[in-house]
């Protein structure tokens, strides 16, 4: 019955169907090459300095910050699914929890790795903990992301210990059992930390008084972008999770989770996206009519420089916000897999566009009277590092899928995906 | 961060921020420490085997987790919710009272009535002096044949139920035989003696979770069905014909078969 | 008494000679620019901008605007955002003090600064052999990966304080302390002093009707003032509308 040649059979769960070792190696090979290229590019930046990038004094944040913000928003599915399962008791989402944790771990560990290359002095990373600035959003982000990465690691360990070999032996099995029991605590902690750091990442931009494009008023110390970023993150997290699961199903030719589960994820994502679109629209109107003019910028000022025209705003809110929300909520489209996945993909694009606009457009726009509109194209080292992060994610997820019970219910769902 | 650092000044924001941070860090470390300490305590307190077994049981495929009452025909279909520990099963009594299918054909294998059988293919016979004899059942014996190496625990070792009773090595595979119950090793044997361990139990002996009577034959039939599927070479059909007698020493007779899977299924490993 | 050091720069006197930039670089041990450095990756704590009124041809008027750290007094943007307090507003002098040795190089402060007055060390500093003899011993050299900016030649303030202490005085003599750019300017366009002292020449200049501050509407309370009799120069304080800026860019 085992038609595939599996030289690593010992590591694969008994009875689980996996592709042959040779094919798996072939799948990993290009990603490994991309990862090596990424590590080399990052190595150049660490060795020679950040002059290897095309960032400069005016574009102090570039491709990598956009990447970090996007990847952290996409990885929000981890904490949010945990919150839904353990705090709100949505047991129907349990089958996808392991995959969500692995995806979250990939996103956060990758983001932190790229951040270490992005800062000028990575060895001084601990300074933030020794001299925290309670007024700075970035201090908050640093603390929360560090703690949350620790939480994700602790949530990943029980999944790792479910590997056939790693979980052998009493100490491993018992430790997994004991740690697994405490995962609800970690889930609660993760939700608390994630709320704050997703928000603070938005707060990073909202407090920039000197950048009228990004600056927002809000509640107390928190600008509106704080809440918008949290909302957009929890809206897109389930969508990204759904896309990754669908990709796994396509690649393996096997259904991994009940079809209903993907639809449910889409529905949750759609509802949150709709709330986000409403909130963002209100915020944009306030910004255009009150906040921005108060520092001297009339509405639409910020969109006078191509390619950052007002079409971008429309695309972000309508095409990548309202439309996917509709696709994910409206039963007729949500029931159709292609529309469901399209909605999820559009939602993810919306978040990517939002993070891009907040990072790059903010810095491109002039602030002084004698400033100009600036442009920035990332260098190959930046792009290669970006590619390396994606490769890292694909490799870790592929290995996790092959050797760990990521989707749990494999046996029951062992039907050909094409026969749906 | 700390009052001693140059320029540090206490403020309301600092109190909120630092208390939140330390609470979070302490909770994370506390979780890790709690899991580690409890693990250590379980390992020392003899609970480890039970916990590890429950984790392992959860990973077994559904076909290998059928309730004994389903095997005996008392109920059409039931998954065991208790990791085969009928001693602590609340519904055991309800199902045990139902009539069982009368099936005694043990397919040419030696399964005497005076023995109690564990799902991991060991048998238990209580002795007059209060000790319990433990051996490898006939199906497992046919599979393994002559083991290359036998590792029995020394006298005095505490065996935990569903933990390791003894280990055997054959053709490069390590077979971990699960213990059918708790006890201290009083004497060790081997294939030549026909039994492997003599255990002295702690307190009263409860053998309720072991199979006997009409449950044994249907269980064997399912096990042979499983082995038929697992040991089939790819592209050929099932090799074990119905009504035949099992070959002795199958690991030697069919070395190319997927013994990894077959042994795991037989000895209840995930 | 607390001081509030600031400047008033007379735009009408600035010829755009750049002596202030050179003096600043020399005083602050700014290394020679790397081979691949551009206008956007160089280190210029004092930077002279060429500005115009947007007209073309004969009617075009131009001026020079030296821009340095504005030493923002209120809710200093860079101080608020630095995750590890590597920049602080000195309560005694009002100088926004950058500590490169604590800087992580995250560049958040550079994003926050409305005046683009902060510069990142994209390269390791390299001085050609022999040039290290021209280094100012009072100013620490920065390594790559950290942000730096104008700190009103703080080393000179230290020197003035030491001189006062040696003479047994508690406050410095104002004449002993002037940043390098102030000294170097051949037309005396930069007035420097203590804004907290009402009688100081800088305070009086700052209160004149021709004085203005860049982006005053942001509310950062910069301590660097500009002065000009020309209305179009004063209009540079606030950003132009995009429409007029387009005219500036595309002529």
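So that you can tell them apart, the chains are marked A, B and C in the order they are listed, and the count of residues begins at 1 in each.
Criterion: contacts are C-beta pairs under 8 Å (C-beta built on N, C-alpha and C of every residue); 3 or more make two chains touch, one makes a residue touch a chain.
None of these values were measured; they are calculated from a predicted model.
Participant: Would you indicate which pair of chains has the most C-beta pairs in contact?
Facilitator: Ranked by contacting C-beta pairs, first place goes to A-C.
Participant: Closest chain to the protein's overall Cα mean, using per-chain Cα means, please.
Facilitator: Taking the mean of all protein C-alpha atoms as reference, the closest chain is A.
Participant: Once you find the CA centre of chain A and the CA centre of chain B, what distance in Å lies between them?
Facilitator: Result: the chain centres lie 41 Å from each other.
Participant: Can you compute the centre-to-centre distance for chain B and chain C, using the mean CA position of each chain? Integer Å is fine.
Facilitator: 76
Participant: Pull out every residue in chain A that's touching 2 or more other chains.
Facilitator: In chain A, residues 130-132, 135 touch at least two other chains, as defined above.
Participant: If I count partner chains per residue in chain C, which residues reach a count of at least 2?
Facilitator: Those would be 85.
Participant: Where does chain B touch two or more other chains at once, residue-wise?
Facilitator: None at all.
Participant: Residues of chain A touching chain C in their complex?
Facilitator: Counting only chain A, the residues touching chain C are 49-51, 55-61, 118-121, 124-125, 127-128, 130-133, 135-139, 141-142, 204, 207-211, 294-298, 301, 304-305, 362-363, 366-374.
Participant: Which residues of chain A touch chain B in their complex?
Facilitator: Listed in rising order, the residues of chain A that touch chain B are 1-3, 9-10, 13-15, 129-132, 134-135, 140, 143, 147, 150-151, 154, 162, 164, 167, 169-171, 173-179, 181-182, 185-186, 189, 192-193, 405, 411-412.
Participant: Inside the complex, what are the residues of chain B that reach chain A?
Facilitator: Contact set of chain B toward chain A: 1, 5, 11, 13-14, 16-18, 21, 24-25, 27-28, 31-32, 34-36, 38-39, 42-43, 47-49, 51-52, 54-56, 59, 61-62, 163, 229, 232, 234-235, 258, 260-261, 264-265, 269-270.
Participant: Over in the complex, which chain C residues touch chain A? Could you list them?
Facilitator: These residues of chain C touch chain A: 34, 36-38, 40-42, 49, 51, 65, 75, 77, 79-86, 102-108, 110-116, 118-124, 143-147, 214-215, 217-220, 235-243, 245-246, 249.
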